[in-house]
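Below: a set of structures, written as structure tokens.
First chain A sits with chain B, and in the next complex the same chain sits with chain C.
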Partner chain A sequence: MPTFSRRNLFPPRLGGGAWSKPSQKAGIPERVIIPFQEAISMPCKITVHEGDRVKAGEKIGFMGNGDTCIAVHASTSGRVDQIAPMPHPLGFNALSVVIASDGKDEGVEAKPLGASGIGSNKEKMFEALREMGIPLNYPLLAKTGFAVSRLLINATEFEPPLTSGHHLIKEHGPHIIEGLKVLLSACSASQAVILIEKDRPSLIKTLKGFGSEVPAITIRGVNHPYPDTAVGYLAKKLFSKKPYRITADRRTEVMTVDLSSLFAIYNAWFWGMPLTEQLITVVGSAIPNPQNSWVKIGTPLANLVQSAGGTSSPLGQITLGGPLMGLPQSSLEVPIIKKTKGVCASVALLFDERRRSRFYKRVPCIKCAKCVDVCPVSIIPNLIADFIDNRFFSDAARRGVFLCAECGLCEYVCPSRIPLLELMKLGKVSLKGEQSLLTQSNLKLLS
Partner chain B sequence: MDAHLIVSPPPHLKSGETAHCLMFDVLIASLPIIFASVIFFGPHTLWIMFLSVSSAVATEVLIQIVFKSPGFAFRPFFYNLLTNEDITILDGSALVTGLLLSFTLPPGSPWWIPVAGSFVAIAVGKQAFGGVGYNIFNPALVGRAFLLAAWPVETTAWTATLRWEAWICSLSLSPQSWIVDGVTTATPLALLKLQNQPTPLFQLVAGNTAGCLGETSAIAILIGASYLLYKGTITWHIPCSFIGTVIPVSLLLGKDPVFNVFAGGLLLGAFFMATDVVTSPVTKWGRIVFGVGAGMITTIIRIYGAYPEGVCYAILLMNSLTPLIDRYAARTYQPSDENLGA
Partner chain C sequence: MKCAIIYCSKTGNTERVARAIAHGLNGSVKMVKLDFTPEGILKDFSPSFTLDLSPFELIFLGGWVMVMRVHPYLYAYIKRCSNIEGKKVAGFLTGGAVLSRDHAFKDFKGVIEQRGAELAGFSYTSTLLGLTLTRKKLEVATGFARDLMKKCNR
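Moving on, here comes the complex of A and B:
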């Protein structure tokens, strides 16, 4: 680090190469792997058999049951090669359908939802969105009788090198607003707040230009990006007069939606296309051509790395998501799933332990309070980590360990190299068991 | 396509900053203060600083060899000193402690004053609590308080600023002539308190007054402080609330607020001593409470106390309250809030 340069608490925006280029369409992979489980032993039903021919956008089953049920579609045309447990990004083997692509990418006949005249019946509308495979918070919708009062859309890019969300606004701004309008009328929400960073004035202008005709849509500039996992906290902070004294039923009225779901709603409503494609940023030190590309859901990571010009020889680590919150993958056969925002591949040199100086090892906390200043949910990471290190778990819970969004910013800034995020996870697991791990529930939401 | 992939817990990105970056920032920020002290009090101040720093580092090495690293290999000595992981002199904290201690000493101190002060600062103020990160009190101020109690005459023997032309003219080959023989005088605060004689504001700001090595020149301190604020090593909360409390309280008690800010060690204490990361609160409101408390105690000691100067004891007293402030400045959550973030 240069001695006299100014120190920033937040990571700088990287990945300028991917931001300046327009997004492109990725080629059709030889095979796609479509997982049917988002958690271990999640119920699912597969309606195709090995050897069947499927078309792109054809419904091949559904996963979940009851309120969490959501349809799964083939993302490209071809033959069902295999139905077997395959590696899932979350780290377990999920029952998956492997489709060997025929390269034609034939689609099924499109039936736009908007033309089918179901606009008056809310329940049917959400049933149709469910059939289109669009991930929304269906349990909350069912609980509130399909009437949430507020929508919160986090359009900030928390991971510094990823730009897929901003690309979606740049290239499909009006479509996102159209999708939001559909969703607003569907759940009769009175307010929709879009959060976006202030340092992207062109995107704010785009959104304001198209969203100004709807009074319910508010575009709100924020100074720093928020992680998707902190939006629950953020919703309380935005919509509640007393954010720290709020009853359970009031806060559940806020539904958080992400940008790719809004675009998928637009596609389903006006063009009848189910969610089979995802805009993904491919970046990292092992990627020569960082880019944003539309990839089929179920594309293995190996295809993504290859199409961005990378090879496997220098590859040290590949994460689904950015470098701050991304999940490292042990295999290149792992598929892209819904709500993935990007893939970050790094070269192996960065992980060489022998090159690490002794200044980069853990030393006692000097209470510099950088983690406190940077925390998006306003807890005191150094104090909580100290409690957990000494096994005072109930004190850690009183200081708000369950508020932790696991964004990793505290560990990013820590000059003492304390593994704050790992200690937070240890505290959560010790207090509530493995089910409380936010990575699990978070990725249930992400996938 | 097959690769051996590394699976490590997130985050995979680090800011690259380490604890010794913060310490060496303080070192860089104190360069203008060192420069000003040499200008106003002569090159003898460098000798005091050197004694203080080397005593601090030597004390730290000695204590860590005895208590933390009993199997320390003495040969090759310097190589092992720099590479042994139990010896933490390379993180710069002992160096900064010694330097800050020397800033609070009078320019005409005998050689054993900085040596003894640094020894107490490191041994009692820091290592007795468990080393860097665990100390309750600012070690440099512990050393200063010890010196003030143990040798009150030597630590309050202030000399007037050096007259360079006279000193250079008297230089000769004999080492006797190199020693600066300062005229004994009183600090601006003592002058006002005991003889009711104010000092001109320009002298106070420039630093051309009697006082400790590092505290007299307001300009040099503000240059260093602006570097620290620019780099983000310290935040504005403690200095602003500290100085912002001294002004209204001294106005209320009928004293000149501008004189109270620029005289004595207030600026040095507010920007370099009170902002010591280990001994100040972690939350923003906690830092403001810390600064306000230190400002009130400083003013009260200055106006009503027996000592003309109160910054050292004010910061030490507030240091002892830091764990309490941290305890009450942070929000606590009920068990029903536990799914708040998810």
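Moving on, here comes the complex of A and C:
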């Protein structure tokens, strides 16, 4: 049967068309929305008032408390217009500061951290990075006494059309390695592993060229890209002596770091600039000119779509992140936050109800095992989904439902259109005993 | 002459026919593949997708015949696209059975005329799950595109 022999499983790589162009600097938006909460009822403190004038890079407050505390900076100069709950990418209304830009983008006086002589004191170093607004795994650092044994950097691009991480290596390769050196000395880690796809030889060459001086840095080529949610699994496979042991190995503490964080550490250490800009890819079928651009944190999505030549009329879905794992957004007023890698805007068409057939509805699993082939964490999605569908949750847990990285590849390749990703999420929620909108009966309505 | 080929393909037969047609048009053509999720969101990420057909003079629309009618993806596209009025449109459909040819032609013609476009040509390629899609049939499709181009240029 043709369905079985022609296995075009992975979505096409570099399908977005943004790879061949150099990155650009996006224009200054009219207003930026800077959220102060990353979860509902997260504590935060805002130190500015409505009507105050702020400069780019000025500290305007902090969010979180204790170990998770991190400073928040104004990303452009202007006047504080409003302090009110605004839509957050995660789907709730977060307390945010709205800054009306004056178009000048004046910055505060920069004080490089490297010149201030705090290099010897680890605690002060991380306190300074926290003040610069760089997102790192601070709870883990505090737990281990600022001594993490290994660092893992996932430089692979899992989302097929996004290329922002690769662009960062292409254009700022030496800077990333400098940032990594600072982090290595700060947390006295013995090894830092950078994972990158084997089919990007130019990037591997760049990294190896600059990173060969430091023996602690290892660049490792992998065959397939891994999602950021699977790095825990990868860390266990790479560093643990017994990778298949169920209980966690306490002796190896692995911290995963983003590429953008490394570049931000470089900027803070050598130039004294806090994290106010982010390299993101704007792609999708509704975007005529896909591009990589340096965007101020807090820029609304509408500005991005407009600057890439898109219009809102054929827009069907806009996701923060790629098309596979990204979060679908409800409005174009949602701002860009830290760690955003890209925005994907897709076209949607309405099918005629009379012409829809059973081809486009859920049908029973035909056991083609395409989902098993693509799964990055080597579980059996169709079997687990079948268990969850029939409410055998303990069997699902035994088969490794908690290993699922929620990458969405299984659902992408499924010819029977089974909502595998939703079933996995439902299994996790039911096993943890959490309250959720996702229930067995709701899922039946959807499919 | 600026041409566009818009097609949907599941197992790759229509894609082969579309490539043969592009070969007949000397390759200077924009190709758009329609592939949607059940919610109607386009799966492809490439920026070649367009709903605006104003820059093109000759438009090829292709798909596989489902239940003796035009495929829902192609139907949804024809319904939604803009500036198709008065344009020259050619159809190339593929299907397992030869019998469904006339039904599919009738349906396709109806849909095109509803949008006010002119049907310049029609071709139907019979394939049996790819087994009978021979090189000769692909050459016929190439010839069809070449002849249509000549006719429109005159």
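By our rule, the second predicted complex is superposed on the first by the 409 of 447 C-alpha atoms of A that agree within 3 Å, B and C clash if a C-alpha of one lies under 4 Å from a C-alpha of the other, contacts with A are read in each partner's own complex, and residues count from 1 in each chain.
The criterion applied here is as follows: a contact is a pair of C-beta atoms (placed from the backbone, for glycine too) under 8 Å apart; a residue touches a chain by one contact, two chains touch by 3 or more.
Just so you know, these numbers come straight off a predicted model, no measurement behind them.
S.K.: In the overlaid three-chain picture, which partner chain does A:A348 touch, first (chain B) or second (chain C), both, or neither?
M.R.: both
S.K.: Where does A:P323 make contact in the superposed view: on chain B (first), on chain C (second), on both, or on neither?
M.R.: The answer is both, since A:P323 touches chain B and chain C.
S.K.: Quick one: is A:L203 in contact with chain B, with chain C, with both, or with neither? Answer first, second, both or neither.
M.R.: A:L203: touches no partner chain.
S.K.: State whether A:P290 touches chain B only (first), chain C only (second), both chains, or neither.
M.R.: second
S.K.: Answer with first, second, both or neither: which of chain B and chain C does A:P160 touch in the superposed model?
M.R.: both
S.K.: With both complexes superposed on chain A, which partner does A:R399 reach: first (chain B), second (chain C), both or neither?
M.R.: Only chain B; A:R399 stays clear of chain C.
S.K.: Quick check on the superposed pair: does A:L9 touch chain B, chain C, both, or neither? Answer first, second, both or neither.
M.R.: The first partner, chain B, only.
S.K.: Once the structures are superposed on A, label A:I70 by its partner contacts, choosing first (chain B), second (chain C), both or neither.
M.R.: A:I70: touches no partner chain.
S.K.: With both complexes superposed on chain A, which partner does A:I265 reach: first (chain B), second (chain C), both or neither?
M.R.: Neither: A:I265 stays clear of chain B and chain C.
S.K.: Which positions of chain A sit in both the chain B and the chain C interface?
M.R.: 1, 3, 6, 11, 160, 316-317, 323, 344, 346, 348, 351, 359-361, 412, 417
S.K.: For chain A, which residues count as touching chain B in their complex?
M.R.: Spelled out, the residues of chain A in touch with chain B are 1, 3-4, 6-9, 11, 160, 229-230, 232-233, 236, 244, 248, 302, 305-306, 312-313, 315-319, 323-332, 344, 346, 348, 351, 358-361, 363-369, 372-373, 377-378, 380, 382-383, 397-400, 402-406, 408-409, 411-413, 415-417, 419, 421-422, 425, 432, 438, 441-442.
S.K.: So in the complex, the part of chain C that touches chain A is made up of which residues?
M.R.: Answer in residue numbers: 11-12, 36, 38-47, 49, 51, 66-67, 69, 72-73, 75-77, 79-80, 129-130.
S.K.: Considering the complex alone, what residue numbers of chain A touch chain C?
M.R.: 1-3, 6, 11-12, 15-17, 160-161, 283-290, 314, 316-317, 323, 344, 346-352, 355-357, 359-361, 412, 417
S.K.: In their complex, what parts of chain B are in touch with chain A?
M.R.: It comes out as residues 1-3, 5-22, 24, 28, 83, 85, 88, 90-91, 130-134, 230-233, 235, 277-278, 280-284, 287, 326, 330-333, 335-342.
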